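Think of it as A, B, C and D in the order they're written, each chain with its own count starting at 1.
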Amino acid sequence: MNSTIQKLSEFFEKLPGIGPRQARRFVYALLRKEQSFLNDFSALISTLKENVSQCQKCNRFFQSKKHGGVCGLCNSTERKEKVLLVVEKDIDLKNIEKAGFYNGYYFVLGGLVPPISSGLPEEVKMKKLFERVKEEALSKNLDEIILAFSATTEGDSTTRYVEKILEPIIKNRAIKINRLGRGLSTGTELEYSDKDTILHAFKNRQ
Amino acid sequence: MNSTIQKLSEFFEKLPGIGPRQARRFVYALLRKEQSFLNDFSALISTLKENVSQCQKCNRFFQSKKHGGVCGLCNSTERKEKVLLVVEKDIDLKNIEKAGFYNGYYFVLGGLVPPISSGLPEEVKMKKLFERVKEEALSKNLDEIILAFSATTEGDSTTRYVEKILEPIIKNRAIKINRLGRGLSTGTELEYSDKDTILHAFKNRQ
Amino acid sequence: MNSTIQKLSEFFEKLPGIGPRQARRFVYALLRKEQSFLNDFSALISTLKENVSQCQKCNRFFQSKKHGGVCGLCNSTERKEKVLLVVEKDIDLKNIEKAGFYNGYYFVLGGLVPPISSGLPEEVKMKKLFERVKEEALSKNLDEIILAFSATTEGDSTTRYVEKILEPIIKNRAIKINRLGRGLSTGTELEYSDKDTILHAFKNRQ
Amino acid sequence: MNSTIQKLSEFFEKLPGIGPRQARRFVYALLRKEQSFLNDFSALISTLKENVSQCQKCNRFFQSKKHGGVCGLCNSTERKEKVLLVVEKDIDLKNIEKAGFYNGYYFVLGGLVPPISSGLPEEVKMKKLFERVKEEALSKNLDEIILAFSATTEGDSTTRYVEKILEPIIKNRAIKINRLGRGLSTGTELEYSDKDTILHAFKNRQ
């Protein structure tokens, strides 16, 4: 069946975490909505990128009709200037902003580097990160780079990859590269912790 | 934040089973797609109802540019004529068709009747069901009505509601109203079955 | 480590659903109990079978110091005599008794017959069932046998096995063999039901 | 029903994480074991404490027929002497030992201090911890105390309680009290981390 229902289901299946069954439910849910709902939903999707721009400096998406610009965070003069925090994705950045204590700058890498890989995934903007760090280093705007990836195998391989890539830039300069601290996260019980977590929790004791 | 990202997230939250967090992830996933993807997705949503019609007889959605018509199932001359199966939603109908043994007709009610309610939800097409049954009864096209709702509190209250509504039509005619059989469904273990399931499994033993 | 702690853990691991980690937790929990608790717990385990007897007729366990006897259910004169319900295990029997509507007799088979098997598991008391049915049949105490196994592959293969075994006894007598009815069990939604469940729910409609 | 089955079930229900249903399954599982299994199981439970001693120094349980003694870890001359690690329970100690990097001493507190409480739970050996620390402090055997409780509300309130209790002993001596480091534990994703975890992961970056 190559129907509209089927075709629209296949688009929903491209969203993260959605299988054929749920995609199909979405379509039937839409069929029971008013046409005005469908029109508004449709318009927001087709114009999404018109109203959202990708920041030239940090790579994150932000609300702006003008493309090719720089976001409010990167333009802010109130942020402490000399730290660059590298995250995987926009939502990680938002979660850190919500915590409310960080006032340096960001770079959204766009993805992670797989542990075993024949090449860099297209969405991982490693070259752009390299250029950004080089520029900041030359203009002496950088004291520290914080690699803030998830504590997973992919996060770890990305950390190692980025450290290697950035090494030539930072080695003769007073720029530190740090990783987020490992240890017990909220809710972690000692009984169920792995060796690595325990080891880091010891090293980082205070 | 009343941005495009926020607005589109709120549309995704109207889909069944989607919370704010997953809605937000959908929007960021779309931001990383090509504009052509967004255009195609958008077009399918806005034109969904142009290409899908709701059957005048059974209330289900089917692929058709011509609106106000009757679907292939209702028009089929190969289906045994005198049974009407009433289901809650299109996907239930599809699941029964997939099982491949039923060859009577259908009616999609569009929703369930809540156990405690001050009125019928708008999406429940009770009046249309009443008219359909009356018409079939007058033209002597009906031997049996099967109420095929889920074995839940809502399903049960819908069954009772429909039975009461249809009673005046069928009482002086040879039309049976039946409910789907209750019992052990595939995978059910006796140890964990409730009283109701055990009782029905006994009554329906064979 | 072949310590007492280790040895006791291994005993706990023989209980259904208990892995090494939870077994170990049990032992440490016991270490923090009073000695009197340990003594009482220990005594109940070692004397369990002294105080619990396995019924000669139905094979179930029941409270009795006298071994080799017959349980209260089998001895009851208030139960409708001519139905024998065969279940896998004691807890299934208890669950059916709790439902409170059945007043025939029981037989606890002790286990299920695997679908593909080179022999009957030792705990499955097929021979005893055969003898019981033969005896009841000869004394004309049997109108119906109900096979009440779970709606699983193992349950189904056990049903087929028992039917075949009992066929010679019942074929020239007015004894029916029935299976529990299949259909929608409480909570089952039509959208997620498999073909088999839908088919049975249709056949058993009423 | 006050039967043996019921009584034994109630003992199993006293084990951590076991509800009435699983307790009952344990009893029926035991009924199907040989008497020799029950005898061995029973004997290990009643003699558990005969063969296991609680260490006079660290409070942990260890294999020993002689009671009132000191365990191998406390007696070891190969362990670096001047750190005392305080854990909630034996299994936490085992998990840390398994990680294989720590070579100071331990103290098993026996439980946690509830955040809101009218008194210390009996199993929490606070007084014994106080005496142990005082003794080590007087004999100049202590450089550092590490509080290694789970990163939960109970763990945190226990940390605060212990710090307050030990303050008088350490304040005029060169003894540090540290807590395990907080941060990302293995598997933690940034997107789902709470504010506290992110904050600690930042502070402990390296």
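Throughout what follows, contacts are C-beta pairs under 8 Å (C-beta built on N, C-alpha and C of every residue); 3 or more make two chains touch, one makes a residue touch a chain.
Values in this document were obtained by computation on a predicted structure and should not be read as measured data.
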> Between chain A and chain B, which partner chains are common?
Replying inline: none
>> Strictly by the touch rule at the top, which chains does chain A share as contacts with chain D?
In response: none
> From chain D, which chain is the farthest off, judged by mean CA positions?
Replying inline: B
>> For chain B versus chain C, which are copies of one sequence, does the interface use mostly the same residue numbers on each side, meaning over half shared, or is it different?
In response: same
> If you fit chain C onto chain D using the CA atoms, what's the rotation angle, as a multiple of 5 degrees?
Replying inline: 180
> What whole-number Å value describes the gap between the mean CA coordinates of chain B and chain C?
Replying inline: 39
> Measuring from the mean C-alpha position of chain B to the mean C-alpha position of chain D, what distance in angstrom results?
Replying inline: 55
>> By the touch rule stated above, which residues of chain A touch at least two different other chains?
In response: 89, 91
> Mapping chain-to-chain touches, which pattern fits: line, ring, star, complete or other?
Replying inline: ring
> Got a list of which chains touch which?
Replying inline: A-B, A-D, B-C, C-D
> In their shared complex, at which residues does chain C touch chain B?
Replying inline: 87-89, 91-92, 95-96, 98-102, 146, 148-152, 178-191, 193-206
> Given the complex with chain A, which residues does chain B contribute to the contact?
Replying inline: 1, 3-5, 7-8, 11, 14-17, 22, 24-33, 35, 37-49, 51-52, 54, 61, 63, 89-91, 110, 123
